[in-house]
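Next, two complexes with subunit A in common: one pairs it with subunit B, the other with subunit C.
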Partner chain A sequence: MIPFDILVAVCVSYVALLFIIAFMAERRASAGRVGWLRSPLVYTLSLSVYCTAWTFYGAVGYAARSGLEFLTIYLGPTLVLVGWWWALRKLVRIGKTQRITSIADLISSRYGKSNALGVIVTLLAVVGTTPYIALQLQSVTLSFAVFVRAGTDGWALPDVNATALWVAAGLALFTVLFGTRNLDANERHHGVVTAIAVEAVVKLVALVAVGIFVVWGVADGPRDMAIRISESPLAGTDFAAGRWVGMTFLSAAAIFTLPRMFQVLVVENADERHLATASWAFPLYLFLMSLFVMPIAVIGLATQPAGANPDLFVLTVPLSLGQEGLATLAFLGGFSSATSMVIVAAIALSTMVSNHIVMPLWLNWQNTGASMSGDVRKLVLRARRISIAGVLVLGYAYFRLTGGSEALASIGLISFTGVAQALPALLGGIFWRGATRRGAGAGLLIGLAVWLYTLFLPSFGAGSVMSAGLLSDGPWGVAWLRPQALFGVDGVDPLLHAVFWSIALNSFAFIGVSLWGVPGPMERLQGAQFVNVFDHSSDAQGWMQGAAEAEDLLIMAQRILGGTEAQALFQRAAVAQGKTGYLPDTTPAFLERLERELAGSVGAATAHAMVGQIVGRSSISVEDLMAMADETAQMMEYSSQLEAKSAELERTARQLREANEKLTELSVQKDAFLSQISHELRTPMTSIRAFSEILMGGEDLRIEDRRWYSSIIHDEGIRLTRLLDDLLDLSVLENGQVSLNLQPANLRDLIDRAVAATTEPKGDGAITIHRDRAAENIELVTDTDRLCQVFINLIVNARKYCTADAPELRIDARRQGDGVLLDFVDNGSGIPKRSQAIIFEKFARLSDRNAAGGAGLGLAICREIMGRLGGSIAYLPGQGGAAFRVQLPLRPPETSAPAGSQGEAPAQLNHA
Partner chain B sequence: MGSNVLLIEDEPNIIEAIRFILARDGWHVQTHSEGTSALAAVLRARPDLLILDVMLPGRSGFDILRDIRACAEIAALPVLMLTAKGQSRDRAMAESLGVSRFMTKPFSNAEMLAAVRDLAAR
Partner chain C sequence: MKAPSPPRPVFLARHGYRSRRMMDLSRLLPVAGLFLFLLPLLHQADGPVSTPATLIYLFSAWFGLIVVAALLARRLARVDDESGTTEAGREGGP
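Up next is the complex of A and B:
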């Protein structure tokens, strides 16, 4: 038998060896010779903190109780490493780019740097890990006890609690020494990791050695072993599919969520590529660890007395068979398993506790800002050390409270279930951009509560924390709230029940609340950077160098600002930095300046995104893109608005210009019109006044003269009257106030009337009128008086102005479609081409001869009348003499019939 | 003091009226009723006084006045201008061209006679 003292000595020596290894590794690392310290092999071995004392001792116990089900503990991690390798890689990439220090930090950071979430995850981790640490302490003390029990040669039974205390204190010391040497997450714990790698080898060697002894020493080789296994009671163990699935899920989740796994997997990872090695090497390690579990359990059941704790078969089998050296090696393997787990877990937990609980509280208490001074650095280290001690004190306290009577495996599974509550928030955080802080918080809290209620608290046993009545009848007798039969799901394995409800409600709350709410800007930003980590970080190996960056920035700036301006900007910045050339250092001040300059051209969001893309310090988030799109759209809209506005302004200006021209023209027309009227009125009045004064003098006038002058006065009076009539007529026509007197008539009758009206009683000035009376036989509806007025005007004009010796006027009438065409053509010299355009204007008298009644308004009146009647009058060139064409419909269009409603605006303008 | 008056006017009744008024006062009145040949008529007639209408066929009274003032032989000729337009702008125009007297139609016979006598006396 190994004396207790020697066992202790071995233990202390082993720990001393670990200290030396850790110290050497630290020395080597600080000398810059990292080398093999950071090899894929060491990384893979460090992952073996997954295999704790629970795995080392407990797997055999598990197998002895439940057969092959223990394999699920290895199955989960294997599946994750082989099948979900890329998810771990994503975690590692995120951990590096975001400088993540723990799983609490990851979740807090992902959800908008919410410390509340960090606190929740920290508490979850502490609550979930404390039993596990207690479990390790228990396993060490139990293993000591095995040797004590075996030692019948009278050494005093050591105090179990004291052993646990000493172990805890030793571990605390080691962890403080090597776990808090430095602060930054990027400066990894080389010593700790190396020591753990060594422990991983010891574990494996010890377990494999016991296995080989069992297979080849106790049994007679593999064949005999296989026969023994198939003959053992374990062969008949029921295969519970539900538990298999549940356990596999739990152990798979544990890889992601166990704080110590996160520590070695992500935080301590030196190179992403190591994961590739680990993805096959770690499953291989697990395979070797599990290979001899079943044989040891079978041999243990066969050789150990009934009632022996199967969790200790790894120790008791070699011990009872006199293999003390092997037993000691197995003891060291178990010790390694326990210590490595406690050390890494303590580091991980202390980081969380100090970062998320102690530091915020301290800063709050100090009421100072987070100034990163040397004092703060010391403070953080002190907080970590205290946290490490605190974590171990908690573990020890739990160990003392529970009395170490539980089966190892059940405590482990309770822990697994607890920390698995972080899984929805974690996976959702790295794969789902829509996940929100509130969702994560709700999921975590509900999962934590359900876990506590359905698994953790009941695990203390009926009557300890929860009363037996509560467990069997539910709180206040509400049966569907029974902790182990929630919502009436009865008769299920309590672990499976707890896993199902906690994870289901957790996920439901997480997804539901996330969908219901909207992530804040910070959450969106972080979410984008986490979920799309591979899009943004090219290789986590470092950023582009300054010069290349500056050149890229210059190229981009030239595209946006134009060559001259961009070069001037860069040159100025370079000169300001005391450099020559065009490439300044990309200092934050310069980048900010550049961003502002660019923002002037392309908008702030775009500028930010562009600079960020080149500098690589930030990535384009959805928000950036949205803002970019918004800005672009706004700019486009704005520019199209400007265009429309300028077009509108142009249109308005043109309208104003036209209106102004029109007004000017009208003003000129008005002046000319008034001037004309004045002339037309004053001229006859001059004669009238002069001759009336002569007549009033009455002296020596001959009677003929007297009569002549009187007739002049008379004619000029008539001329005045006619002028006034014409003016009024025109005014009425132009204002549209004329009322048409429509009636059916025959065109021939109307022409007869006009010819008759113009026939001079005296023979002089007579004109021969040629007509085709048959063709004139056209029935129409019109204002006969007005139409006659037009005809008379045309006939009078012909008679007045036709210069031929034998004046003739030909009137041609003919139907054309729905209308009538009437041509009045005389045999005179016609109207010169340049005058043809103005003859229809007012006072456009071409001749100097003021034949009686001519005020120059006739044709203007004719044009107005024809317009009212729905027809037109135009000069018809190329007919030899003067020719006018009158066109009118057989029936006036409806619109022109109700007089007074048409054309008022232009008429008023014309007449102004 | 001369007694030859040239009247350039296109309204026959007004010509008749003025001729009557001036002839009764002893003036010798010649008439012309067209614009384009007006200057030639003045040079031919060499009147002591010119009565000039503004609205003339062919050439306006203003243009004829400008021609007269530009023509050395007759530049000093007293010109009495008549217009039926009666706008102040026309008066200003006539004065700027060097009219001797500007009268608006209709006028009283006495006024006309006084103006003619006045201008001829200068």
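Up next is the complex of A and C:
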């Protein structure tokens, strides 16, 4: 048997080892060699403060009492960690950008840096954590007692309470030494974190060692173990579905809201990427921690006497089977679990107490900001140290008060439920911008009250705080207010009952009050920064330009941050502003930065109040917020306007480019037109001049010759006149000076006229015309002469240019809507594709064959006429020969002014 | 005053698309875990369920979850590094 003294010696040397490790880590860190001190592994291991003595001893007890339900305590955190992308990532980012020091600080900062909320959460945390610390003390004394009892073979116990006291004192010393080395809570406590990581390894190794001993030493491997489990009293699991779900929820909530978890998860986080590793490594740690719980419980139930405390199976099983070394290891494991939890919890609580209770009180007492005296750092640190001691004293007092009688698990769950009251305000705060300070306050207070009433106070037992009558009949005999059967919900597990009602009423109050009110400007600003933490990479400023004296600010900052650091901060800011010296301009950005820097030490609310005292005006107003939002909105608007403008410019440029191309084309066309027309005019003129010269010079000409020459002159004159007529006609048409002579007519008559006018009596070059006279029977109102002119032109063209041996022309007419479609299709070779675009241009004769017929103005005139008549003429490709489609309305449009055929614009420009 | 942030792109290249889906998976993982962990409650319609069997089931599900989380964490940490401070997580997020 291990003598008690040796056990104490082991214990003391273990603690000494922790001190040394912490000391070494601090030395390393201060030398700048952080290296593995900031690795994801250390971060993950530090999260194991979740696994306290409750886990180490209590889980086995839990399993021995209620079977598989103990797993819920690990499954909840697993879900939260695995789902880190949802919430933890955001929480860590917020913690970093806002320099959050504790969960109370987070909630206070989110809801407009309200200190009242900070105080509420601090009180909640203290009340919720105290039983938990008592639980750790209890587990350590119980485990001591196991060895003592076994060692002395009797009941000659050393004073258990004295043990607890010594443990508490030792822990307080460690925490004060390594937990309050620096004021800035955001600076890593390397010593503490490293020591905790070592403890995490110790407890895992211890529990796994006991598990391996049980499975392979006592039982005969996993198969035998399974058989033993199925033969044990725990063989069949009767799930209480409500508790299964409720416990999972509670333990998941605990990851967010336990002050110590927040401390290691958010405050001590060195790098956001570590969270990615922890998201699977910490569940793995929990997995390993719980893997052997069931086997130990089953073996304990089988080997230990009937009345043995199942909470201590981890110790008593190896001890009773003569494995003293293993039992000592297990004892150390339990000891580390307890100490690490107490250390971190004490740091977290002391930060909250000093930042949210002591500092505001002190500020209030000082009252005048500018005349601050004394070193604030010392004050805050002293407050923290005293708080640590206070927290441990409270835990010890609770331990003495409850007499260490309760099962470990139930104390743990009471504590979990208490701190879980911060969950609605926390999650609402980071995901819902509409959450308000009043809502959070109402939710927290109601949750706290319901928790106290339904769970915490009854947990002391009937007759101690609450009378038995109150518990069974309700206050003043009002049955529906019975603490464990609120609103008549009877027969439910008391814990589940408390969890349900406290969280439900808490959430209702939080949401309801939040929906009701309008938050203040600071709340809205902070709300936006928290909820949109990933969008706001740069910060909206909470301060407007003030007339604060940089010197006053420096004096204050020195008192909190220390001379060197404060001066360095101010100097950096001054340099960034392009100034020299230590006094930068007190711009909003600088005030914001300074406040955040201070918040890392004394919490957001206090920092805000301190800066506010010096700056002299209460930061930001709703109008400022609106102006800020307006500015952003205006920028967005301006940029979208710019975008629209640039699109418009592009459109205009494209139009200009097109117009330019057209103009260039037209200029070329104009030149061609001029040269064409002079050529066309010159040819007849030349022959007229030549023949008239002959006539003038030769009196001896024969009469036949004279007649012959004058007839040539006459013909050429006619040709010239026709050309000029055509030109004049075109010009009149293009200038829109033509007046239409509208009259009703039948299309068939018009075509008859046209055909008759073009029929050559001699039959030379005759063309066969196919018509459908029935289809042509269409009444319309139009300028008959002009339309005939178009038809004649088309028929003449076909006769002139159709290359077929037996030329044929088909004229198809049909009604289409309010108009008529007339196709003139011949059986010639048609017009090549590249020429189709230019045949309607002036002088666009494709070849000189049969050129005598005209000057190439016909189709151009046709197009102009059709435009005047409100119709159009186009070349119709793909008909076998040349095909023209004439389209005209049954009645020309009222405004017979420039009816737009497409070629009109260039035609007019031609004459401009 | 910061400049208005550029609008989030609606369509992404293959790489970006995959990392978005990884984020979706990461968000779904706790839901899947909850489903797996609540499943044993359905098994007890007729009397208590066998503890060893349930124990093995729960631990297997748990371990599976850890493995998937580990694989995802590696990829997501890379995504986080690449995207720097710009968040893509709000798409479909809370």
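Going forward, the second predicted complex is superposed on the first by the 521 of 912 C-alpha atoms of A that agree within 3 Å, B and C clash if a C-alpha of one lies under 4 Å from a C-alpha of the other, contacts with A are read in each partner's own complex, and residues count from 1 in each chain.
One rule holds for everything that comes next: a contact is a pair of C-beta atoms (placed from the backbone, for glycine too) under 8 Å apart; a residue touches a chain by one contact, two chains touch by 3 or more.
Keep in mind the model is a prediction, meaning the values are calculated, not measured.
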Notebook entry, point to check: In the superposed arrangement, does A:Arg682 touch subunit B (first), subunit C (second), both or neither?
Noted result: first
Next item on the list: Tell me which partner A:Glu716 touches in the superposition: subunit B (first), subunit C (second), both or neither.
Entry: first
Next item on the list: Pick one for A:Ala659: touches subunit B only (first), subunit C only (second), both, or neither.
Entry: neither
Margin query: Quick one: is A:Ala690 in contact with subunit B, with subunit C, with both, or with neither? Answer first, second, both or neither.
Written below: first
Notebook entry, point to check: If you stack the two complexes on chain A, which partner ends up touching A:Ala162: first (subunit B), second (subunit C), both, or neither?
Noted result: neither
Next item on the list: Once the structures are superposed on A, label A:Val80 by its partner contacts, choosing first (subunit B), second (subunit C), both or neither.
Entry: second
Next item on the list: Using the touch criterion from the header, give the chain among subunit B and subunit C with more contacted residues in subunit A.
Entry: C
Margin query: If we overlay the two complexes on their shared chain A, which of subunit B and subunit C does A:Ala276 touch? Say first, second, both or neither.
Written below: second
Checklist line | Shared contact residues on subunit A - subunit B and subunit C | finding: none
Check: Taking the complex as given, what residues does subunit B use to touch subunit A?
Finding: 10-11, 13-14, 16-18, 20-21, 33-34, 55, 57-58, 83-87, 104-110
Note to self: Looking at the complex, which residues from subunit A come into contact with subunit C?
What the structure shows: 67-68, 71, 75, 78-86, 89, 226, 229-230, 234-239, 241, 244-245, 248, 272-273, 276-277, 279-281, 283-284, 287, 291, 294, 431, 534-535, 537-538, 628, 631-632, 635-636, 639
Notebook entry, point to check: Hey, which residues of subunit C end up touching subunit A in the complex?
Noted result: 1-5, 23, 26-27, 29-31, 33-34, 37-38, 40-41, 44, 47-52, 54-56, 58-59, 62-63, 65-67, 69-70, 73-74, 76-77, 80-81, 85-87, 89-90, 93-94
Checklist line | subunit B partner contacts - residues on subunit A that touch it in the complex | finding: 671, 674-675, 678-691, 693-694, 712, 716, 847-848, 850
